[in-house]
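Next, two complexes with chain A in common: one pairs it with chain B, the other with chain C.
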Partner chain A sequence: MGVEDILFQSLSGLTTAMIYFLIAAGLTLILGVLKIMNFAQGGIYMLGAYTAYSFMKLFGGTNLGFFLTLLIAPVLVALFFCLLEVVLLRWFYEKPALYILLMTYGILIVTYDMARMIWGWIIKTAPMPPMFQRPLEIFGRFFPLYNVFLIFMGFFVFFLIWFVTRKTNWGKKMRAASDDREMTAALGINVPFVFTSVFGFGAWIAAIGGALVAPMAGLATDMGIEAGITAFVVVVIAGLGSLPGALLAAFICGEVQAFGVLVLPELAIAFMYVVMVIVLIVRPWGIFGRPVVIK
Partner chain B sequence: MHSMKFRLFLISVAFFFGGAVVITGLVTPAHALPPIKIGVVQSISGMVSDFALDDVEGFKVKIDEINKKGGVKTKDGMRKIEIIIRDNKLKPDIAVKNAKALILQEKCDFLLGCISSSCGLAVSEWARQHKVLFWGWDFRTHLATQARGHRYFFRSDSNTWMGGQAAARFFKDQPYTKWGFINPDYAYGHSHVEAFEDGMKKLKPGFEAVSKQWPKIGTTDFTPFITALMSAKPEIVHSSCWGTDQMTFIKQAKGYGFFNNIKYLVMNGGMPLLRPMGQEMPEGVYVMSEAHFVYPGSPENKAFYDEYKKRTGRYPSDYSMLGWNAATFVLAGIEKAGTVETEALIDTLEETSIQTIGPSGIVNIRKCDHQADIGQSIGLTAKDPEWPWLVAKDQTYIPGRPTMRPCEEIMKLREEYRASKK
Partner chain C sequence: MQKNDKRKSTGKWVWISLAVVFFALLPLWAPKMWLHLIIEILIVALFAMSLNMILGRAGLPSFGHAAFYAVGGYTLAIFIMKLHLPFVISLIAAPVVAAVFAVPIGYFSIRLTGIHFAILTMGFGQILWAIAHKWYGFTGGDDGLTGIPLPAVISGPKGFYYLAFLVFIICLILIRMIQESPFGRMIEATRENRDRVTFSGVKVWHHLLLNFVIAGFFAGMAGALLAILNRSVFPEFGYWTTSAAVVLMCILGGVGVFVGPIVGAAIITLLEHYISVYTFYWQFVLGCLIIVLVMFMPGGIGGFIHDRFKRDRQPDSIRS
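Let's turn to the complex of A and B:
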């Protein structure tokens, strides 16, 4: 195995990593601020992919259409889930955690059937925009240009989230509301609105993840199941609520998968879970997590 | 308030209708025979949906044709066929629950199904224990008719053994010796590789498996598998991935220039793959199927196509034809036996042959393992101005019988399996 092979494989691992990150980042954001495990995250990802598919087809599979879709489709999906949050989830923040868990799970199930009703059972594929149909030559081999775009988008989303949460007023409110809900409300900040917007932002991230994956994968209504589990594993390894952790964990999972497949293909499916188990044994609160103090 | 007259009126109306019902009941001849109920255990949701719909619709085309003529002729008279379908969502435990419900609650006469190899094996085992006839369609693991086969299980589609052997028979004459493999990590995928390797090792000197990849079903990101395969430098890659997996693999592999230098064989490369891929499907890919889209152009084939298009609004796939085959077999058996009584029906089905509308022509059930001897066609994908999807050109037909494992070997496998279960 030459150096070139290793570098090439790690590039492919990076692609995988970015997909994992996009699915998990929204989950970790929602978990960190709203303190809820959003079971519906996989479903949001799936709806993001399907909505993007419809828009891409509507725009005729063009380059412009693709970028328009990326602008419009995830926002629509996020708005829909904001609505769901206002109507269904708001009531349960003060109640025992179990209620909201069940609610998000219920939303997940409804999402699947909704997708089936709107888009039907037949498996679909979104058109790959023409500008990405040329491969890039790296180390003497071809690497899909679209993957490079995906990796770039992954980093872009990471910086976007970091910027929003650290550098904007909105971000300050988010962090305040997550640390101490009552105090924040007492300061006159509209906490329910902050929560809704965070949920929407988390949904947007998952939806754009789905939209980005749409041209490079087949779409089936159960694609959210796999994504949901992946998101969960990445978040657990990362440390609940940590964004840099999510990126690192996604990177670890992606590269472990990429090299594991070379070394032990039969066990390819297990690698991510093995990492999770090791992390849970050695550092149960995740790489960047904080030990939970039970009051 | 109701007056006395109004009450009398109501009572007389009641008597009139009551009397009419009673008299009608006495006078009408004995009601028509109850329909024969076929319980279908199918996986309708998610990534199998394309195949699932095709199986069922093809099946229904034949059943409706018979029902229009009054049903199938049994010793007691004409009986219509009723189909009850249950979705098992690709989960074996739900499949078994469905089987139980269909037989015990819905009182179906026998079972049909089941798409996924894991579900099929589970239901087959249940059927064996409860002595219920289970007609298998669309799930291909050869375990079902070989090591784990039994009296109560029949299959009208080919199995992975036959598929692999057929492919080996074709590829022994092709120049490739370095093979890569990418197959789904469950019974179906493993069976395919086992069968193909067995055939190639016997028929092709110099055959070498340079890389074997095992993605799990539902993988959305094949990039590590693609790069691993390519770095092993195979001349050709064998794949039995299906549904969204195969579509995703091809889309992603294209970006890596996979198809520029490596040939590709899709073991189940019929319409369910070619149709959604459309123009994104690469040309020059080997695709194998029991019945490719435009083959053969017989009048029966055309009639089936037209009927199917009328019913569903889309063209049939190989799976539609396999559904039709299953229906034809089952109906032929019932008519010959004159009954749906399990043991008698099984005895008759063991010696049933039907005329299929695919390239296989007449297909027979082999008595020793209850497997139909249907053959395969291998072609190369090519664009066709008449269709929005690619078609399989230059097809070679490989007859089914010679690809089946010899009976003595199968009986031995079954003995070994039963012994290991004790």
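Let's turn to the complex of A and C:
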């Protein structure tokens, strides 16, 4: 195995890593601010993918249609989940973690069957936009151009979250509400509204992840349950609520996956969990986490 | 007051023995379909009871308990089909092997609480699932192991009903005894205040690990029975959704009540059975049910009824 092979393999690992990151980033944001574990995240990702599929079909698989879909579909899904947050979730933030876990698990399986009712049981494939249909030649091999776009979008979303949470007024409110809900509320900030908006933002990230994956892979309703657990694993390796950690953890998982497949193809689906168990045994609070117990 | 208590406990025993007699005589008149359903409920109820030793008694939300369920089932299948051992030995070996698996998993998980505990147990469970899913030579991969040969006595529904019922009753008595013992009380105390129990000189960690292993033992027993019922084992026995479903059963029935998990298991199994007759979208109904339950009955159905009848006792809470 030459240097070029290793570089090429790590590039495909990076693609996987970006998908993992997009799934996990919303979860880590919600976890960091709202201090809740959102099982439904996988369902949001799945709905994002299916909604994007519908819009891409509607726009006839053109380049413009693809970018319009990326603008519209995730926002619609995010609004839907904002509504769910207002109706169902916001009453349980102060209660034991188990209730919110069950509640979001309930939402997950409802979205799962909802997608089946709306889009049916057959695996769907969204059209690949024409501008990404040619491959890119790297290291003497062909790498799909769309994967390059996906990697770019991964970094874009990372910087977007960083910018929003660190540089905007809204981000300041988020961090304040995350640190001390009561004090923030006493300062006249509408904390429930901030929380709803954070949940919506987190949902938007998961949905855009789904929308970006839609042209690459067949869409099945099971993808939500798989993505949900992937997001979990990445977030846990990262340390609960850490954004750079999520990027690093996604990167580790993606690369371990890409190179592990070459060595032990049978156990490819287990690599991520092995990484997680090793990290948790050495550092139970994750790579970037603080050793505290989160409710 | 004492007399009243005595009368109350006699009444309880009458009800329990009536229930036992009822279930023991059931196969004489009940149709086959019912027997199958009741066996399934007994198995799932045992599984839920074993989880409640961790979830309800120790207050640790395990999301990987299905791993032991699967290990139990696979042990039975592999012992009979690959090692050609007698049925009885395989049945006894299943919970033991599950308990052995619980030792390392518990060793690492018990140090954590709350979300971290949930996720680490889930991670271990997923690793076992992934291995079962891919190791075609030994576990049959995603096809599972089908057509487990069984002795003639229990191959019919009646024979197996009695076996399952007997195992269920014995396990239930054992679990009750463990929970009422000083050991069980200690586990409960660690849930309420782990630091305080530590300061009183008890090795909390040993207790919790032993509790985890015992729970794994009973889950393995339930898994072995499930393997007999289906005459096959599949990797999905150990998938994280199975773990989540059994957590749900415990919560639904009420973790603070001894029979809560049984109630939850019965309700979910019956619902699954009857709703899936009418619609493919049984998960949708289940999801809505969970949402309604969490909104309006956070103590579970068992806890809800319990509260109505005994206002003096608070429902046991779950530590996050």
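The rule we apply is simple: the second predicted complex is superposed on the first by the 292 of 295 C-alpha atoms of A that agree within 3 Å, B and C clash if a C-alpha of one lies under 4 Å from a C-alpha of the other, contacts with A are read in each partner's own complex, and residues count from 1 in each chain.
We adopt the following convention: a residue touches a chain if its C-beta (ideal position, glycine included) is under 8 Å from a C-beta of that chain, and two chains touch if they have at least 3 such contacts.
From a predicted model like this one, the values you see are computed outputs, not experimental measurements.
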{"item": "Combined model on chain A where chain B meets chain C, clash or fit", "value": "clash"}
{"item": "Touched partner set for A:13, first chain B, second chain C, both or neither", "value": "first"}
{"item": "Partner chain(s) touched by A:276 [first = chain B, second = chain C, both, neither]", "value": "second"}
{"item": "Partner chain in contact with A:284 - chain B first, chain C second, else both or neither", "value": "second"}
{"item": "Chain B versus chain C as contact partner of A:116, first or second or both or neither", "value": "both"}
{"item": "First (chain B), second (chain C), both or neither touched by A:97", "value": "second"}
{"item": "First (chain B), second (chain C), both or neither touched by A:106", "value": "second"}
{"item": "Touched partner set for A:162, first chain B, second chain C, both or neither", "value": "neither"}
{"item": "Partner chain in contact with A:226 - chain B first, chain C second, else both or neither", "value": "first"}
{"item": "Chain B versus chain C as contact partner of A:266, first or second or both or neither", "value": "both"}
{"item": "Common interface positions of chain A, toward chain B and toward chain C", "value": "116, 225, 266, 268-269"}
{"item": "Chain C-touching residues of chain A, taken from the complex the two chains share", "value": "37, 39, 88, 91-92, 95-99, 101-103, 105-110, 112-114, 116-117, 225, 229, 232-233, 236, 240, 266-270, 273-274, 276-277, 280-281, 284-285, 293-295"}
{"item": "Contacting residues of chain B [partner chain A, same complex]", "value": "44-47, 49-50, 52-53, 185, 211-216, 218-221, 223-228, 230-231, 243-248, 251-252, 254-257, 260, 276-277, 280"}
{"item": "Residue ranges of chain A in contact with chain B within the complex", "value": "1, 5, 8-9, 12-13, 15-16, 19, 116, 121-125, 127-128, 132, 135, 141-147, 213, 215-223, 225-227, 257-262, 265-266, 268-269"}
{"item": "In the complex with chain A, residue positions of chain C that touch it", "value": "61, 108, 111-116, 118-120, 122-124, 126-127, 130-131, 133-135, 240-241, 244, 247-248, 251, 280-281, 283-284, 286-291, 293-295, 298, 317-320"}
